[in-house]
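Please go over the structures that come below.
Two complexes, one shared chain (chain A), two partners (chain B, chain C).
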Partner chain A sequence: MVMSGVECNFTWATMSRLMKEYRAIRAQKEVALRPSGGESGAGADGDGEDSLRAWTATLEGPADSPYAGASFALDLEVPATYPLAPPVARFRPRAMPHVNVNYETGEICLDILKGEWSPVYNLLYVVQAVQRLLREPNPDSPLNLELGVIMREGDLAAYRGLIRYYIQQQ
Partner chain B sequence: MRVTVKKAYPVFSWSWDTDSVARDVYCNNPEHNVRPDINSETYAFLRNYRNDEDDVCGICRVSYNGVCPNCKIPGRSCPLVVGSCNHSFHFHCIYRWLDTPTSKGLCPMCRQEFTLKPEVLINEPHAQKFMELISRNRERRLAMEREEQELNNELREGGVVVDEPDQGVPVMQPGLGSDEEEDEIDYDSNDGMRM
Partner chain C sequence: MLECPICMDTISLYDLHKKPSETDYDIVGELVPCHHKFHSECIRQWHTVAPDLKCPVCRTLSISMTVTYDSNTGFERKIQVHLKKGFLVDAVLQYEGMMLPAQHPSRVNDLVEHPEEMEIPSETGINVGLASDFRSILTVAANERVESESEEDVLALSPEPDIGDDLMCKICGDDEEIPADTRCPSCDFRYHESCLHSTACEVGEGDTWQQCIECRTLVTHINKIRGRSTEIPVHQPRSVPRQPRTAPELSSQQIAKILDSKTKIQKHVRNQLRKYYNSSDVVQITKEEFLTINRTVSRSLYALSDNEYNKNIDYDTHAKRAISVALHKLGYMTT
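Right, the complex of A and B next:
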């Protein structure tokens, strides 16, 4: 992997931490998280130096959830001030029916991605936290009002049914 | 047999003496205010344990004895500090973190307010700088809370509708609320509230 840090907008601090994370992520098998541009080092826009800016994870729906059997792409974007600022994590637009995800945009409402971020977290941790969110939706801060209302009313059958319906639409 | 030494390579190693683990152990000693004997075996063991190569700064993930990513030479120019919560970081890393509004002045590991552990030798050169940073943070937080309170009060009194999802930056709806009310709200000082 070629790293031409000179033209990169990342500071050396961000770049060196991302390189460490990249090595650790590649060494593990549990989470499918890769730079969006692939292993070649070429970024989505063809610039080598930006190759660690955008990442994509593939989340498998947990077996004991309405998402079982489906898989979802989670995009991570690393800001220039990482790890002092959290990565921006979002699902693809109109792909994730979830109480804490804006269905139209894919935006995720998760405390650690906002005010509760800490620089000791890393990309892998973020992906795992989102994975946990699939199993444990939080009806108190809904971004999908439709699902939020159904969930708060406790109509589990309708909740599961609606999610399955959305997933099958794709 | 005769041995002729042609070349010698002196090798030395060093590590930060964070002091804290040893102190915690010695706290169980009735004479815990006595400085631990740095030549004791226990102390040597603890020091090695503490400065294991796996022991890295939680922010930059580089060994405590290495440098933060902005420095080249380890040691005095890129020092280590220990918090009252016993979490250690490179001085530069924790300082940069605490200087962001996201940090709310909290330790990245345990989310307690980060202050330097008192009476630890390696903290001493930085005490002043941290005191300044911490009091600046406290003021900033208080100012933010005060402002939020004032804004809420004004909104309640004036009945102004604010479209404010979770960004923390209020957006005034055009055409609502009178001019005087808008003037009283100081938008600029909301700068630090994003993220």
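Right, the complex of A and C next:
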């Protein structure tokens, strides 16, 4: 199997921390967050390193939001310099209609994933923050201009309708 | 149990009552003013990439950091790192790192350079051994005088430094490219002048860079002339008018007070140490060993409270612990 040129050289410190996070994540039930390649390890070498590089969370739409009843995949990619650098979190392309998500790419605008990142945050915290973003969209930094405009105009019915429309498209 | 919020590993804190051999203590960085603790290395790595000096836990802006480490004398030591004065992170990490490896240079030079200390310890002899420390205090206060004095001292008393043996800089650990060109006449540690400079700056004591980081004695240059090595003081007499000194002049009262404090502190050390000298116990140390251990342990104790006698400090326990470390290094088995 050819690795697509992806450099993955976790330091011992990063690996050690990821293993601790992995155990903590497995021990909890609230957030569905798993290594993308499954529990057994995605790496062909089975050394476990590659398997902790990419993670996938399944977010359930909050009951009191337009996302109720739907579920969304959130992909996390852990950089080599983690936890000094934040993980890259994104939804799948054309899957998440949200004011702070670029609909085409799935890119998320969230302060803690950028300048407000702190090394004391962890993968679980990031997923929970994105989950909160579903309930509390922030119209001040829209990546989805269409939804941003409707939201700022305060047309709640149109806002909910548009999101439901997008979700049903899938 | 304390956990470092960055690496999520346990922070092993210094514990006076644990045997020194039991645990490797972590170098701990505590941010001021918020008091959040991290492994020093973890927080300093974050500082190299962080956009600001806010605490990663509470976002309080940090002004300085108290670094606590277990020096190889078996003591907890603290240095204050002023975070806004620059980011010589490498220097500090190395400064901390070099405290850990067991570097125990011979202390023979101590005895050769201060023959007046070679007296049999007794109750009345508490003040012996203070001479060198007393001088280093005077040094800060009266630079000019000591310059000429120390030059004479060094030329007259110090043996030829053993060039080629252990020229490693105690700060950066390197001797490959540039040999360590300064030396502490007291503990025989070698330093690069530039390393002393940057370390002093990083810990916010830039004007004390000529001092040995271990015992604060003024360092001297090692010059190799015609195959024969000589040592000259690092600070040459200046022909230009002197800048106003930053170090305060010490009055005779202050000096007397410091002497008094040191005498009190040293009494604790000697009381603890005498058990190994005068007793018929398993461990029997020689007079030279008594003096050497007394000197190094006492110096460490002075540093605990900045040369002042502090009633709240448990000097006996500190002394006991450091003595047991010192004995251990000399190959004695203590229980």
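Brief remarks on what is shown
As a working rule, the second predicted complex is superposed on the first by the 156 of 170 C-alpha atoms of A that agree within 3 Å, B and C clash if a C-alpha of one lies under 4 Å from a C-alpha of the other, contacts with A are read in each partner's own complex, and residues count from 1 in each chain.
Note that in this section a residue touches a chain if its C-beta (ideal position, glycine included) is under 8 Å from a C-beta of that chain, and two chains touch if they have at least 3 such contacts.
Computed from a prediction, not measured in an experiment: that's the story for all the values here.
In this superposed model built on chain A, chain B and chain C take up the same space, so to speak, and clash. By the document's definition of touching, both partners, chain B and chain C, reach A:Ser16. In the superposition on chain A, contact of A:Leu84 is made with both chain B and chain C. In the superposed pair of complexes, A:Pro119 makes contact with chain B and with chain C alike. Set against each other, chain B and chain C touch different numbers of residues in chain A, with B touching more.
Chain A residues in contact with chain B (one complex) as well as with chain C (other complex) are 13, 16-17, 20-21, 81, 83-85, 115, 118-120. Per the touch definition, chain A reaches chain C in the complex via residues 13, 16-17, 20-21, 81, 83-85, 115, 118-120. The part of chain A that touches chain B in the complex is made up of residues 11-17, 20-21, 81, 83-86, 109, 114-115, 117-120. Touching chain A in their complex are the following residues of chain B: 58-62, 68-70, 93, 96-97, 100, 102, 104, 106, 108-109, 111, 166, 195. Those residues of chain C that touch chain A in the complex are listed here as 5-9, 42, 45-46, 49, 51, 56-57, 59.
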